[in-house]
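Heads up, the next two complexes both have chain A, just with different partners, chain B and then chain C.
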Partner chain A sequence: MHIVDGALALPVLATGAALTVAGVAIGLKKMDYDHLPQVGVLSAAFFIASYIHLPIGFSSVHLILNGLIGLALGWAAFPALLVALFLQAVFFGFGGFLVLGVNAVNIALPAVMVYYLCRHGISSPSPKVAATWGAIGGAGSIVITTVMVAFSLMLSGEAFLLAAKATFVAHIPVMVVEGFVTAAAVLLIRKVKPEFLGIDEERAYG
Partner chain B sequence: MGNFARIILAVCLLLPGLSQAHNVIGGVYAIGNTIEGEVGFSNGDMAAEGTEVTVTDAAGNELAKVFTDAEGLFAFEASQRIEHHFFANLSSGHVLELTLPADELPETLPGGAVVGTAQVKPVSANFSGDQVALQAMIEKAVAKQVKPLRQELAAYKEKAGLQDIIGGIGYIFGLCGVGIWWRERQKEKQREKDNASVS
Partner chain C sequence: MPQFLEHSGTSWKGQKVKHDQSLIDRLDPRLRVVLVTLFAFATVLSHNFIVLTVAVIAGFLLAILAQLNVKRTLRRVIAMDMFMIFLIILLPFTTPGETWFTLFGLSASKDGFLHALMILLKAHAVVLSLLALVGTISATTLGHALAHLRVPDKLVHLMLFTVRYLEVIGQEYKRMRRAMQARAFVLRTDMHTWRSIGYLIGMLLVHSLERSERIMDAMKCRGYKGQFYLFDDMRMGREDYRFIAIFVPFLCILTGLNFI
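After this line comes the complex of A and B, so read on.
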């Protein structure tokens, strides 16, 4: 998921950086400062999630969690993910500093999209419907991210279909796992702390 | 639902050759005139067989294209004592660039413009063929012994420890703390202003 330094052309890097600056600006403006600890916790969760590889058969996957982060934070996902990506580059050597902008857009923009697409669904009165929308959000954000990664590579000269296929196939297990995890997280959070997802308690259980 | 989940899980298990690791690592070493290198991921998977590695000189002129074998290894026969650059693209934004400095290649090769290590020793007259062969054998033997160490060292360098994880989380929480502190200050100022305007 993290593109490394040297893989992308300069205009792509510049565009990614500009989009990230814009996204972070919107995120900081829209962020409810009372939710700052929540932003921090989810940022930390993302930071760790990429490091923990879960073995699946022949290979290992790691969670990305951008769907869940998007559902919980909306536009604030941009600053949260940028900070986490920066620290991953510093501590783990994931990605790089030049591609930070592109990586942030590729991961945070799907999170924001999922926020708008699935927000309504997860606050449905029926837990089943809510879980389904959670799963769609979790898996969908990965799908959008893989397409965006492939798109960034294409703009830098790689054949889109080839890159898209390679990235997509490699992330099918992640989509499945992420769908389950997000659905479970949505169900749990609805029960114990509905305001975390911005769900009105009255509506969810009325 | 249970069946469906099981089918999906089965599909996941059957998808071979998935590489989720982030970091592409590798190295190049000179063994006599041969430059040997390896490409792989930090989780221990090696590059897929047939991955193309482009060899260029320092100016970027392409010298050759070589391909990795099943163990992610590739070899290139150097004909000049110049800096060699190796570039591999493992798709999905995984690229790797390796450099082999000229002075790691034997001095018997016709040198390009090697700066800095320009001390070309004249090959002494009694340097017999046997000695050359012996030297090549020694180099090969040493390279073979050192290889696992190199691989282990490269893997060790890539490994992030608990300290890195805790450090990263600490930074994130620290940033949150700064944000909250700044927020409180703004509120405090607002309150003072309000009080001042009331009284």
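After this line comes the complex of A and C, so read on.
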């Protein structure tokens, strides 16, 4: 998912950086100091998720979890994911430095979209409905992220068209896995600690 | 991507733990962050092969100067290459232009090849300098340096918390995986695996969050008011100015080469 330095055109880099700054500003405004630990936990979880490899046939995919992070954090997903990506870039050379803005917006914006789209669904009284919305959130965020990655490549040059299409196809298994995993995680958190997903207990079970 | 090429699972401490003290370590962390940013701009915005070659060499020199652990650095650079290998291989074939050579009936253009080479050079120059100059700072010091550079307070706090939880969550994850292994859980491509991993992640988050709440309460007991105090006042020394005296003219030359 990460794009490296040097591949993207300057306007794309600038747009990505501007959008990230705006998103982080909104996220920071909505996040008070008491919430810092929760945001930090999820930011770290994104980092850890990238070393959970699940086998798919002969190959394997790693989790991204931006859907789950979005469901739990809303706008605060922006600062959380920016920090995780920054640490990955600086300490692991994962992704680039100047493309940080583009990478952050590609991963965090879908998280925020999923938050508004599925927040209502996952607090439904029926576990089945909630799991379905969890799956939609998990898979959907990867779909949007991949489309955005493909677009950032395409806008940087016609020659990237094939690579952009290939990125999308290569991520179809990730979408499936992420959907199931997010659904299961949502189900469990709903039962054990509903306030983590901002679910009102009375509405879900009352 | 093969697993052994991934960033080695547990160690998030970056290069800090595994390299000898070097000249770079004695420099002011703020200076290192600023210089690497300038260097990245000079490299990424350039379209000149001479500039990029010089930049890659500079990246190598910085890595040597910082005495980076060779094996670890190599693994990270290769991991980065795996990200873009697809892009690089496709590029010559998808860029229109006069045919340079043909492979399996597909024609590759020279323009596309040059473009691919340019991306390779830029990515390597930036990643090497980044790992050398900033990757060698410990995460906490980096946080303080960013705070001194006027990065928003909350963002720095968040980074410091994240660094702390990386360790906590990483250990918790390993502990729970071991418990699953003890019960003969094996990763497969099926619903059972996905559901179990989903539960694992859910439980991981719940455990870590409860722990973080306890930490927060304990901190409040000790008078935490939503602010960390930055005790280390970073000061520029003689070595910093000497480094600036070499590095800044080099950046100017690097930028100037574009216009020759």
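The rule we apply is simple: the second predicted complex is superposed on the first by the 194 of 206 C-alpha atoms of A that agree within 3 Å, B and C clash if a C-alpha of one lies under 4 Å from a C-alpha of the other, contacts with A are read in each partner's own complex, and residues count from 1 in each chain.
Heads up, the rule we're going with is that a contact is a pair of C-beta atoms (placed from the backbone, for glycine too) under 8 Å apart; a residue touches a chain by one contact, two chains touch by 3 or more.
The structure presented is a predicted model; accordingly, all values stated were derived computationally and were not measured.
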Following the superposition defined at the top, how do chain B and chain C come out on chain A, clash or fit? clash
Is A:Val181 touching anything from chain B or chain C once the two structures are fitted on A? First, second, both or neither. second
Does the superposition put A:Phe97 against chain B (first), chain C (second), both, or neither? second
For A:Pro125 in the superposed arrangement: first (chain B), second (chain C), both or neither? neither
Using the touch definition from the top, say if A:Leu161 reaches chain B (first), chain C (second), both or neither. second
Looking at the overlay, does A:Ile172 come into contact with chain B only (first), chain C only (second), both, or neither? first
In this superposition, the partner of chain A with more touched residues, chain B or chain C, is C
Check whether A:Ser152 is in contact with chain B, with chain C, with both or with neither, and answer first, second, both or neither. first
Could you say whether A:Ala89 touches chain B, chain C, both of them, or neither, answering first, second, both or neither? second
In the overlay, answer first, second, both or neither for which of chain B and chain C A:Leu68 touches. second
Is A:Pro11 contacted by the first partner chain B, the second partner chain C, both or neither? neither
Chain C has the stretches 39-47, 201-209 or 219-227; which one runs into chain B? 219-227
Quick check on my understanding: which residues of chain A belong to both its chain B contact set and its chain C contact set? 2-4, 6-7, 33, 36-37, 39-40, 43-44, 47-48, 51, 53, 56-57, 60, 62, 83-84, 87-88, 90-95, 153, 158, 162-163, 166-167
Which chain B residues qualify as touching chain A in the complex? 8-9, 11-24, 43, 45, 89, 91-95, 97, 158, 160, 164-165, 167-169, 171-173, 175-176, 179-180, 183
Counting only contacts in the complex, chain A reaches chain C at residues 2-7, 10, 13, 24, 28, 31, 33-34, 36-45, 47-49, 51-57, 60, 62-63, 65, 68, 72, 79-80, 82-84, 86-98, 153, 157-163, 166-167, 177, 180-189, 192-193, 196
Interface residues, chain C side, partner chain A - complex: 3, 6-7, 9, 12-15, 36-37, 40-41, 43-45, 76-77, 79-80, 83-84, 86-87, 90-91, 93-96, 112, 115, 118-123, 126-127, 130-131, 134-135, 139, 142, 152, 154-155, 157-159, 161-166, 168-170, 173, 187-189, 191, 193-199, 201-206, 208-210, 212-213, 215-216, 226
Within the complex, which stretch of chain A touches chain B? 1-4, 6-8, 33, 36-37, 39-40, 43-44, 47-48, 50-51, 53, 56-62, 83-84, 87-88, 90-95, 149, 152-153, 158, 162-163, 166-167, 169-170, 172-174, 176
